[in-house]
Amino acid sequence: MLHIVNKSPLEKNALDSCLTHAQAGSTILLIEDGVYAVTKGNKVEPAMKKVMESCTVCALWPDLEARGMQDTVIDGVKQVDYNGFVDLVAENATVQSWL
Amino acid sequence: MKFGIMVNEGPYNHQSADSAYQFAKAAIEKGHEIHRVFFYHDGVNNATKLTEPPQDDRHIVNRWSKLAEEHGVDLVVCVAAGLRRGIVDENLAAGFRISGLGQLVESGIQADRMVVFGD
Amino acid sequence: MTESTGGIDMDEDSSGTVKKFAFINRKAPYGTVYALESLEVVLISAAFDQDVSLMFIDDGVYQIKKGQGTKGIGMKNFSPTYRALEGYDIEKLYVEKESLEERGLTEADLLVDVEVLSRADMAALMEEQDVILSF
Amino acid sequence: MKFGIMVNEGPYNHQSADSAYQFAKAAIEKGHEIHRVFFYHDGVNNATKLTEPPQDDRHIVNRWSKLAEEHGVDLVVCVAAGLRRGIVDENLAAGFRISGLGQLVESGIQADRMVVFGD
Amino acid sequence: MLHIVNKSPLEKNALDSCLTHAQAGSTILLIEDGVYAVTKGNKVEPAMKKVMESCTVCALWPDLEARGMQDTVIDGVKQVDYNGFVDLVAENATVQSWL
Amino acid sequence: MTESTGGIDMDEDSSGTVKKFAFINRKAPYGTVYALESLEVVLISAAFDQDVSLMFIDDGVYQIKKGQGTKGIGMKNFSPTYRALEGYDIEKLYVEKESLEERGLTEADLLVDVEVLSRADMAALMEEQDVILSF
């Protein structure tokens, strides 16, 4: 399953809810304001590092770059562009957006 | 592969209308098919032809119309959500059509993947 | 006509296909329109003979709280419609236990029969779906 | 007392358009003056005359128009936000007028209180 | 100062932010989805009880009733209708909405 | 014309009145339009000779993060406008220390000169205002 989160982790509970529901082996893609979750020093950094032990975490780099956060991404996060986003959707049988 | 897309937010106010467009464009360029883009909730506001953004900004509505024109993408506006928000035949932009919610469910059945963009 | 039927006009591709459809409701009613317009999709989906599940998690559990009365805010109370779902053969309603607890609610506070699942079971159920529409 | 009101969300999608209306109505009934209602962001969508909600639902746009008609409330739609979202003279409902953001700041100066309704 | 919160306390950070900024003696009015904050058993009940020691907490009852939460309001919360909302705005020199 | 001037046409009531106006920014840029459209109000407010303060708290601090580049998302990068505010005599920009810290940011990450305030000082400053516009 591909989980997509587009909300800032400190503004809304969408990421929290995603993290407590994502099964081991899932892929989590962060887009839009969701990308702040994988930036160093954010309050949710420990939670993200923990989920990365069992899930693949990706972030859309155009969204990181728009927000000036491209140089502060947590190690191990896979950065993708819109083509990579399309590939992730194609590779996973189901897609769940956490709105 | 066939993708269905659902867009739940209006243009300019939320980035989801932009993300949905960028996703659709990339999918087409990679050789996939967009089965349908279904506009629901405030997403119906993507379909007004009366939009005139500043000249140095992207034109979200025209971008969708062009996608329909060049790639035959089916852009469907929910009739009930549109009536609530004043999106009707009178102000409908080129390339969009108004239809029922059944078109969303149908897209979920026929497409290989359904991706929801919203708030 | 198109409006009331939801423009149902299945072509040959879709007849016969049965997919697992999940409607995931995570938002409170009235503050935003998502709960109401989600319910409108659910009703339409009944005509397509799919395997439909409704899941209520996070603030979505408030959608089916008993005793809603909207006269004071001038909006339509759509909560009785959840009780009508059974008549459309939509019977799989799942509510997350932890989401209820965090809000001080119990199954007795809900206006319709549901199956209460633990968060872990809800997560597993999500994983089984083919199409997930989130509201 | 003079109240200024700012409405930042569109009708039906968020309750803020309803809350703003109920507040304005109660204020008038209590003898206060509504200096202006300024519609910004998606709030401009409150001003489209093309809205046709279901018959058993409230008609948010007409409710505003009636408030303007009966109590002379100044309903101002931000021109820039309106252009971005397709709210222009062509589809503007009765009782609304289109003007600039200066009208919002001015309302903040002239009103005794400013109340913001939004998301 | 009158603080207005219209967001669910468990979905968004608006209430949190309001509570950490409201000065003693302020009034906090909960409207729309914000009213869930003053219902018994909600995770934020202890935080609301604490702020009630130094601030006045009000809730719009039409919004409580719409949501079926009118019988489960924390003791000490002042329930107001739209007229009471207008009075609160009139009584406080400044109004801040936490959107 | 109306568009570029913001329809400025002060009548007699308002000339001479100076109020403390606060623009409170709590949202990240680009994900929603609030940051951009808030900035448009701020620019217009400069023409009214009021005592204007901009406060950045919660995700609002992201609005003035250095190094924004929006080519990839196809949107306009409006962050340079914050640096132009000084030319409009809008010089009171306040950023909350705790909000920066929770996001791993420091003052050095910001693209414009600001005063960093503790949450307690920010709260006290809010209390002094006459008109608060929140975005």
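Letters are used for the chains, namely A, B, C, D, E and F, taken in the order the chains are written, and counting of residues starts over at 1 for each.
Operating definition for what follows: contacts are C-beta pairs under 8 Å (C-beta built on N, C-alpha and C of every residue); 3 or more make two chains touch, one makes a residue touch a chain.
Not measured: the values here are computed from a predicted model.
Listing every chain that touches chain B and chain D alike gives C, F.
The greatest centre-to-centre distance from chain E, using averaged C-alpha positions, is reached by B. Set side by side, C-E and C-D show the greater C-beta contact count at C-E. Averaging C-alpha coordinates per chain and comparing to chain C, the farthest chain turns out to be F.
Separation between the centroids of chain A and chain B, computed from CA atoms only, is 24 Å. Chain geometry summary: the mean Cα position of chain A and that of chain E are 33 Å apart. Multi-chain contact residues of chain E (touching two or more other chains) are listed as 6, 10-11, 13, 32-33, 62, 81, 94-95, 97, 99. Looking at chain F, residues 30-33, 58, 73, 75, 131-132, 134 sit in touch with two or more other chains. For chain B, residues touching at least two other chains, in rising order: 12-13, 15, 22, 41, 57, 80, 83, 114, 116, 118-119. All chain pairs that count as touching, in label order, are A-B, A-C, A-E, A-F, B-C, B-D, B-F, C-D, C-E, D-E, D-F, E-F.
Put simply, chain E touches chain C in their complex at residues 6-8, 10-11, 32-33, 36, 39-43, 45, 61-63, 65-72, 81.
By the touch criterion stated above, chain B contacts chain C in their complex at residues 6, 40-41, 79-81, 83, 99-106, 108-110, 114, 116, 118.
Those residues of chain F whose C-beta lies close enough to touch chain B in the complex are 30-33, 73-76. Chain B contributes residues 12-15, 18, 22, 56-58, 119 to its touches with chain F in the complex.
Residues of chain F that touch chain A in their complex: 27-32, 58-59, 62, 65-73, 75, 77, 79, 102-105.
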